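Once you scroll down, you'll see the structures, which are given as structure tokens.
Shared chain: chain A. Partners: chain B in the first complex, chain C in the second.
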Partner chain A sequence: MSIAASLTSGELTVKSPVRRKLFGDLARTRLSGAILIALLLLLWEVSAARGWIVSDNWPRFSAVLVAAYRGLLSGELAEILGSTLYRMLAGYAAGCILGVLFGLVLGSNRVLDWIIRPLIEIQRTLPSPAIIPPLILFLGVDDTLKIFIIMLAVFPPVFVNTYGGVRGLDETLLLTAKTFGLSRFDTLRKIVLPATLPAMTAGMRIALSLALIMAVIGEMISGASGVGNYLMSMQYAMRADSMYAAVICLAASGYILNRVFLRLERAALHWHHSMQAE
Partner chain B sequence: MPELGRKGFGLLSILGVLLLWELVCRAGLVNLSLLPSPSQIAPALWKILASGSFLVPLGQTLGMLLIGYTIACVAGVALGLLMGCSEYLYGLLEPLVEVIRPIPKPALIPAMVVFLGIGAGMKITMVALAALFPVLINTLQGVRGVDPVLLATARTLGCSRFETIRKIILPASLPMILTGMRVSLSMGLVLVILAEMLAAESGIGFLILDLQRSFQVRPMYAWIAILAAVGLVLNILFEMVEDRAVPWRAK
Partner chain C sequence: MTEATAGYLSIRDVNKVYGGQHGEATTALKSITLEVKQGEFLAILGPSGCGKSTLLQIVAGLINSTAGEVVLNGKAVTAPPPEMVYLFQQYSKSLLPWRTVEQNVALVFESRGMKKREIEERCGEYLGMVGLAGFRKHYPWQLSGGMQQRVAIARALAAQPRVLLLDEPFSAVDALTRIELQSLVLDLWARQGLTILLITHDVDEAVFMADRIAVLSSRPSTVEMVVDTDLPRPRDAMGTRELPRFLQLRHELVEHLLHRQNAGRVDA
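Moving on, here comes the complex of A and B:
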């Protein structure tokens, strides 16, 4: 933050005349951004209300909000959203556990690393929607499939970051552990895990948004349930307001999940951040 | 030398898995109509490759991807630089970015289909939209992370604003920008395949889902193999560009 400030503040004192100071202060805060969003939403509302854009697919913004409110209140949308989030979290948890396990094992065992990592690299290069059609053949279109593909998408970032964390471990720490005669398990628990935790959570943070994306993708392709399926059927049913309402609810859930994650991460890593700040 | 040994090991392990797959199929442990053996998929793959029928879908998919990706990269770097260098623009645009960013982009496909149909415009827009944010965010962070001493030096030497951006800020934030572009590339590939699956009559994504629905399992796996190869090649190409562009960055 301070860097950007130092980048511009010098020029500002040279450039901006006094009479523009009031406007400048307003423009430099996020308030201007909030006003921009409000204006865009107003434009949406007015363009639909006044018929500037005449289309069944361009509902008023207020109609979308009403649809979201009704959907959540009646439980229809809430239930669909809940089922999506449930699968997302289940797949996320499974992917995180696997990613951490593989990262720890491959990071510390050379032979297993050489054998297994090429396979993981190949899996990573395949764009995830492409795995869904064959998996439908095996797993059907139920929860198992959706949780499984979320797990597949969550695994790589968690694995890569954990692996990198283990490989980047300070040698001295390990030697010290050995000097003190720590058992393998104790070394893992007291040295390796805390030292790689920042890298792990970095991977998990990336994976969180991927998990929501994959949850929606899986539901769109396989149908049957969830917000992804709801979006598709609202599109076919030409109920644009419900469609946009679902998108807004999804975005809000993603935002909230990310916020919760950051809060948890900060709580888990407060010692790390305080160490870095010194 | 250890690098060579590692790669050899990797190749061996991939071959080992293929062999295991083949044996599992031969032993009758899986339903062959769901999971054919590699030796059954290979002829299907060869047929697609030899007849040249892979060229049109591949070209379509890659074309959509590259156009959308290029738009996203140019717009993302430009916006990131502007927002990073001007506090006015940062205040103006940052809230909007924060509002649009958490929307899972696949969820916008139905809305885009409604407005743009199922043609090229929809796919390019979706790829561009999905690929924009990683580039934008990383560029912004890169610009904000530029060493203040460098900027002060530039000012001391009387560099113009444009010169400062071109000679100091851009090179210093290039590693971050490229990291963003790498994330964007795989995101763009995901979106183009998904868009083709949901709303298209051509392209690799459409073919894979269509073949699955008509139970032509062997060509489906062949196309998935082709897609994996595409992902791999794109990755390698990107790494080569990265090595050229930021040779000073340690791997």
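Moving on, here comes the complex of A and C:
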């Protein structure tokens, strides 16, 4: 019996319950996403091995894996990746701290809000890569520049979300703090900060991928280290396998960072309704 | 001192005007004057949107009045006094969802330099009073509405107030829970020797709980009349509601409110 026949007759459920159960269960797990990725990678491997695509820039996927493995083992790729991640995390941390700080202060102080926010509004509409060339003149091409531009990219989403969170705080919470005589500092620490945390982490989650993007762009435009720089060098050197290896390592790092972030967010916001859905 | 004779809590000629300057000014409260005796249970009864909550928040020192003053025990109220606590209608927004039931109550002890052990003991004590001793480690959102309001009541009592300001505290819970909570609050009021100001639009609730009822008109709110309930204490959830005096009072008040509402419609 063919599947097609069963499908057209609309009796797949009746005729092959086992098959339906197998595919149904698979579709409902995380595995189904992994299967698609695995299939695409297999297609890559086969297309290169069978010569469907003939190009020096299209190595087999297995060759890329070998290049990645060798690079990481020899320490060359590991060091390059490490320097990128180091700058990324430094810029990310700085941007998050500044975003939260400004968000809290401007969200709760109207005068400072009027004075400072117009400036921030202009800054956040600027595409971050556009200000790299002028910034090079001031900060050089070293870590300072790269960390700084990552910080500039991370700041806006963290700021906007924190600011919005503080502005959207329920009046009742603040009055509750007042009726129990909490000091301004205690109100900030015990009421405003935890109540705004879900908004903050939402901003930080967006900012995490921006940080990685800016880290790589910064390295592509200037400097002599990091994955961005390595990618450009490998492209010029026509070493496609190493180039792809770096991209894959970057993707894996991004994925792991995101997973770690979600884990931490979940732990911090276990009380929040958005975390109770699953 | 004149204040000593003037009563325990005085609301004197309080006005509240919103807007103004360039926009149209709305008068929410107009010349509200009320005297509350120590240990008294006063209900303030009025239709929705008549500015009852505004009045209570002014009494609590949470917002400022446009004119007039509130005097507690001889001192003008300009900021929330430590001996006065406000219980919010929206208990779910007043409890901190990131804190357990116990930690919510602990909020009022933390700034007093108490030891952790002592705080836990005191929290247990107050949670016991409202019948939630077994829910210390729960989060507010794991509890029913009535239980959440109990947590809020425990937290309010933990602050050891002399005056409790209740802002329609039972309006968001179901009818049976409301009756339970009313009796609980009456019991705590008698045991702790509190002075209570209750804001409500529920005639039944006002008559059942209060010593006196002040009836507010709709905007701009003024005190239309003050009546003594003259019902025996302790009040019983069933028995008191069947007394002739209860029925008569409820009848008169509902009639008054209905009549006014209809008169308003004709005017409009």
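The rule is simple: the second predicted complex is superposed on the first by the 232 of 278 C-alpha atoms of A that agree within 3 Å, B and C clash if a C-alpha of one lies under 4 Å from a C-alpha of the other, contacts with A are read in each partner's own complex, and residues count from 1 in each chain.
Methods note: a contact is a pair of C-beta atoms (placed from the backbone, for glycine too) under 8 Å apart; a residue touches a chain by one contact, two chains touch by 3 or more.
The shown structure was predicted, so the numbers you read here are calculated from the model rather than taken from an experiment.
Engineer: Go through the superposed model and pick first if A:Ala93 touches only chain B, second if only chain C, both, or neither.
Structural biologist: A:Ala93 sits against neither chain B nor chain C.
Engineer: Taking the superposition on A as described, I'd like to know which of chain B and chain C A:Thr29 touches: first, second, both or neither.
Structural biologist: A:Thr29: touches chain B, not chain C.
Engineer: I'd like to know which partner A:Trp114 touches here: chain B for first, chain C for second, both or neither.
Structural biologist: After superposing on A, A:Trp114 lies in contact with chain B but is clear of chain C.
Engineer: Contacts for A:Met234 in the overlay, against chain B (first) and chain C (second): which applies, first, second, both or neither?
Structural biologist: The first partner, chain B, only.
Engineer: Touching A:Leu169 in the superposition: chain B (first), chain C (second), both, neither?
Structural biologist: A:Leu169 sits against neither chain B nor chain C.
Engineer: On chain A, which partner's contacts cover more residues, chain B's or chain C's?
Structural biologist: B
Engineer: In the overlaid three-chain picture, which partner chain does A:Leu182 touch, first (chain B) or second (chain C), both, or neither?
Structural biologist: The second partner, chain C, only.
Engineer: Regarding the shared-chain residue A:Pro194, is it in contact with chain B (first), chain C (second), both, or neither?
Structural biologist: It touches chain C, and chain B stays clear.
Engineer: Mind working out whether A:His272 is in touch with chain B, chain C, both or neither, as first, second, both or neither?
Structural biologist: So A:His272 only meets chain C here.
Engineer: For the complex, which residues does chain A have touching chain B?
Structural biologist: Its residues touching chain B are 1, 3-8, 10-12, 24, 27-34, 36-37, 40, 57, 114-119, 121-122, 125-131, 133-134, 136-138, 209, 212-213, 216-217, 220-221, 227-228, 231-232, 234-235, 240, 243-244, 246-247, 250-252, 254-255, 258.
Engineer: For a test of understanding, state which residues of chain B touch chain A in their complex under the given definition.
Structural biologist: For chain B paired with chain A, touching residues are 6, 9-11, 13-14, 17, 34-35, 84-88, 90-96, 99, 102-111, 113-115, 143-146, 148, 151-152, 155, 161, 186, 189-190, 193-194, 197-198, 204-205, 208-209, 211-212, 217, 220-221, 224, 227-228, 231-232, 235.
Engineer: What residues on chain A touch chain C, complex-wise?
Structural biologist: Residues 170, 172-173, 175-176, 178-183, 186, 190-191, 194-195, 197, 271-273.
Engineer: Which chain C residues qualify as touching chain A in the complex?
Structural biologist: Checking each residue of chain C against chain A gives 57, 60, 62, 80, 82, 84-86, 88, 90, 93-94, 96-99, 107-108, 110-111, 139, 141, 155, 159.
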